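Worksheet: the structure to be examined is printed underneath.
Chain nomenclature is as follows: A, B, C, D, E and F, assigned in order of appearance, with residue numbering initiated at 1 for each chain independently.
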């Protein structure tokens, strides 16, 4: 509905996942929630729960073990949603690019909307990215967005659209 | 008069018929017809207004005496056979007392049988609920591993038991009451031991000796009544005053405490849960234990506003809290139900002992609805046990997917025990109101009030803890296999549910209270359910949040185990209170 | 009949900054068994240091092992390589390096305190500490040019000098901070709800600390006197007023107090450093290629950080072995969880100040 | 406890600590390690910055005429400043500015585009090397 | 820093003779691949309260020889042992693989030229 | 008129909640969200695609909200206090069942804790009701608001009520049922979109519910009631910002020792 769309911008709830970062960006996200930068004035709540989140803040260059969780969490966020890759290594792999247990950026697995540079990314950059992400969020539709890899079929059982096992087991259905 | 005879004799005839004709179909017909007839008679009795009394023929009295002695000798024999000293000692004590009393008992004064309001009300409970349980028992016993004759004997015994119960609630003579009391003891002893294994026998003996304590105190009470007032009739006793009246009444109410399995005597009732489910339902929740509040109600004109009455209502209220609390640490479904029975019996006795007009009415309402709801729950538990082989609530997790109907009945049972607009909820609500209205005159009832409040909170916790186990399911997209449940199991449950709803509607109509009717409003929600569930189809289904991890995590229930120290203190406390009843009775 | 509840904590959980997966076996809410998976952040830094990067770059790579104690990582690596090169830094470089390490310790400890408070459900305290922490973040940003990853230390010296304005800023902010820390000490000691939540919870006894080789604040809270600053002679800590902080009870409260008092100590040391800063070059040429094997221990905020570097006279190193404090502390952590309440688990976890990206490298 | 209560109450009357960031710019300290900037006029194409960069955020595309094109990915850069320290002509050819980095949207190809560039640069060098080699061989054979 | 060479068979005895929990802090188990199937294993200890006192016991071994576990002596050694199981593919009794690497990811990254 | 108030109850509660978020931010020296933030959240939740676990789970949240609103209506209409408390209990039980009906660890623990909370505050609410009965002679709210001097006659009951207010509004030190850092919100963890909206709004109604109990202590003086509500609101938020979350066991212990004994002492004082 048209009437409700502007309110997406005013209440972005955030889910944070560390997919193998050095936790530099994570403490900066924490600092951004702190009193100096106070993300709550934009209506941000760190819900910690994918089902009630709009913005998925990911840090870290997806390690082999965390990719499945990443996709699982991504698929549990209801649309419309925005993925923000916080930090250089999240966006492109950064200094970890090419290491054996690392997947060079989260956009190998899930569609990323905003790439935030910085090692480590500072609270200001995170706020900038959020503001940018909110514009993306407002423009989005409620269609289902799928991850790229590790993705199982969306089944329909007895007329119910089922997202169970959207992230399939490791090794199956992996394209590359 | 004829109607009472029907109530007493019909079950016996039905039992005989069942014994004679070993056809399955016929059993259903007979038990169904008995149920229908009994409930109709009981209901018409209830609506007929006049009280009436009659004397037993003298020959019958002698027969009863003989039967009584034989019964006590049988107990003695059982004690000897299984080498149980408690049973033997108590049996001998009863024999001696009974012999002495019969030798000095006054020749009949008033009528031995008195049918008053209370008795009619009890008829309603006994025949309505008991009949359904008999119907259920026929189906239940099919799956039991016993000889066909023994099975028929079992159903027959239940029917005979019904007639005993019908008689006990209109017995006016203490000695007749004693005889029937011991008959129920015998019935529970035999039926608990039905399966014949080690645990059954042990629990049966436990039930026997505990109930015999009740017998002893009745006899002592009767002895005192004879010595003090030269009567063995309840009505004469209750009309008299002064002297040792209170002691006699106190002793009789102690018998009620024993029969009502209040702490520290709850052991026998919980042990009885090893018996086949119809036994548990019939004896230990729906009908037999109702003797306890019945007896207190009968005595309530004397008990009201006395020290003895106060202490009994104190015991009842404390039992209400303690049993609810103990139930929280259990995991066997029937045991939990047993504890909640103990708790609610405590509540009924507490209200009955308060003895105001209002509290008596509430106690009676509680009795009726508790019998219905508990029977429903027990029978459903039996279905789960028979069809799905799960006794433990841990095994019942997610049962709603496997046995939706039965779980539906259980949930309905819980709802009827806790939520508006059903009788038990109203009962508790009005109980609080009525106790609160007494506070200004008797501040000591504050303890009862507190116990009531805390106990009902704990009971709610208990029921919904169990309900939670049944309800927990991962997703409705994953279909699980359901097992068809035969009509033999379902019909009794439907009948009981109908009774509950009808009772609730009738009760609300009787109240004439706009608020009570409006309270039923949230229940209307249920009718909108199907269409709303249908509209749920369009939402996406997803899996629970588990921190991104795959696989499922065990989620068990929470247990609140009181420490051994607290439990021991509790038992000692209740033991002392139990003795205190007699002491207070002797003093006043 | 099974009466235990399995509760997952992680890999994504709101109380966690980093992915670690616990699976608690609980009776009611009492934890009776713990299963942990700590390998979510494994990126393969040890291999990359010897295959993909030259020894001069490795200093920046190992800093990205951990964002919180990045400075100690690059410091210990640099020290090890300098040992192999046979180079000894002058006093000014040593002092500047120590200053950054101590500032980093302050901010790391404050973050840990804030996080522990947050996980104990005390949001206001979290906000208070995070607000106070910005003082130290400003100093760090001004000195190094970045808030978290300082990239301050390089082989042969440090990358930036301390200008008089920076000295003034540091002085001012440290002064403000030390008042705030005093107030915090009072708050942590006297708040009734915090004492319910912290005192006697998550106890690591002295015996256990010895058995499980606990280190850092975890060990010092239990009364085990171990601190690399006192056990190595790479830096003149004693001259700058270092004292070892010891508590005895080993619970969350004691760990918080060790951290608070270490902050006080670190502030004093920082002041001493900027007051007594020697004069000298900040960057000297360290020539040659690393050859041989060197071992370095540095006290990171979480305890002892151990580096073993082996080179064979080439641009690429043969082996960089990183042993981080949390890696050693995990067996002790597992032990502490047993018998605690699940309600306390996030607070206990935060009070260990675990660093998973260190652990898994 | 009472102290905390009092503090919380007094906080109501104290000034708030929050910077209204997007509305009011926060002044970055001098020496903030921002974007790496490049001056093509001063560059001597020594490739030192490319070699020392830990993540490989600087690439030079080898043009066929022998010149090189500078490529820089701010979303890969870790802002360590090593390239600037390695540069023979710092402040002219390569310097670290104090401007804040900017976040990118999907269209900017922060990662996917860079994969293309990496491949292209590698290929261009190889192609150039073979061209040179063949030229050398040609030269030799001509001689 | 003191380096003491020992053998795998006498390792437990050697360390047991010298390790006292109250005096020595066990740092880590460390492996260094020397190429050609050879590996140097190190057990590193430091002394509490003494300056610069580090003792390294080291063993020259190969990939196939099972390594004795120190867990009976030092419970916290389990982490280091699990790490070398993962990173070098050695066998240590009582230590499972899977600390860092999944079964289907690349095996034993620190081993030789794998 | 009264029906308008009933219809507006969620909005009223939303304003209280929004005010509380601003107040909390100020107490932590932050700027905080705008006052209307709860409504922005509400509208946004309506705009989300909804994911559910299974139909009964979603439905129970709906039922919880409906019954809760009904109990609020009962308060405004001046019904019997005991009915209202039990209606509210019914609403809570629907919520607890909802939490149990999914096989999710956090939801289960949340439900367990919620049950403990119900067991903790329910007796106090009933005792407060009994206190009102003893003083005013009626359980009907319509009668109770005609009385006066409640604060003088049952001050300790007011104190007991004060202790349980943080439980109802889910504030430190008794926010164990929500406990975001431990169980990620407890029961609400599995809800999303429209159905989370109902739980989110039922929080607003809880504010109305518990603060109307506080308001009753004002008796016939509406000013006193308003002042009391504001005072309690401020105090609860101050305590929220000065305490950590205690364990569920501690909570039960505190309620059952301190609050119950306060209430009982007060009742005995009236009776004797």
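We adopt the following convention: a contact is a pair of C-beta atoms (placed from the backbone, for glycine too) under 8 Å apart; a residue touches a chain by one contact, two chains touch by 3 or more.
Just so it is clear, the model here is predicted, and its values are computed rather than measured.
Counting hops only between chains that touch, subunit D reaches subunit E in a minimum of 2. The chains touching subunit C as well as subunit E are A.
Taking each chain's centre as the mean of its C-alpha atoms, the one that lies farthest from the centre of subunit E is B. Among the pairs D-F and A-D, the greater number of C-beta contacts is found at A-D. Think of the whole protein's Cα atoms as having one middle point; the chain whose own Cα middle lies nearest to it is F. The distance from the centre of subunit C to the centre of subunit D, with each centre set as the mean of the Cα atoms, comes to 29 Å. Averaged Cα coordinates give subunit B a centre that lies 65 Å from the centre of subunit C.
Per-chain CA centroids place subunit B at a distance of 82 Å from subunit D.
Between subunit B and subunit F the centroid-to-centroid distance comes to 37 Å (mean Cα coordinates, whole Å).
Multi-chain contact residues of subunit D (touching two or more other chains): 1, 4, 8, 16-18, 20, 54, 78-80. Among all residues of subunit E, those that touch two or more other chains are 100-101, 109. Among the residues of subunit F, those touching two or more other chains are numbered 25, 27-31, 49-51, 105-106, 108, 112, 180, 184, 189-190, 241-243. Under the contact rule stated at the top, the pairs of chains that touch are A-B, A-C, A-D, A-E, A-F, B-C, B-F, C-D, C-E, C-F, D-F.
Contact residues on subunit A toward subunit C in their complex (touch as defined above): 15-28, 30-31, 33-36, 46-49, 60-61, 63-66, 69, 73, 89, 94-96, 98-102, 119-120, 122-123. Across the interface of their complex, subunit A is touched by residues 11-19, 39-45, 47-48, 52, 60-61, 64-68, 70, 111, 114-115, 126-128, 130-131, 133-134, 137, 146-149, 355-357 of subunit C. Those residues of subunit F that touch subunit D in the shared complex are 23, 25-31, 238-239, 241-243.
The touching residues of subunit F, when paired with subunit C in their complex, are 24, 27-30, 105-106, 108-109, 112, 172-173, 175-176, 179-182, 184, 240-250. Looking at the complex, you find that subunit B touches subunit F at residues 397-398, 418-420, 425, 429, 432-433, 436, 439-440, 443, 446, 449-450, 453-454, 457-458, 460-461, 464-465, 467-469, 471-477, 515, 519, 521-522, 525, 529, 532-533, 536, 539-546, 552-553, 555, 558.
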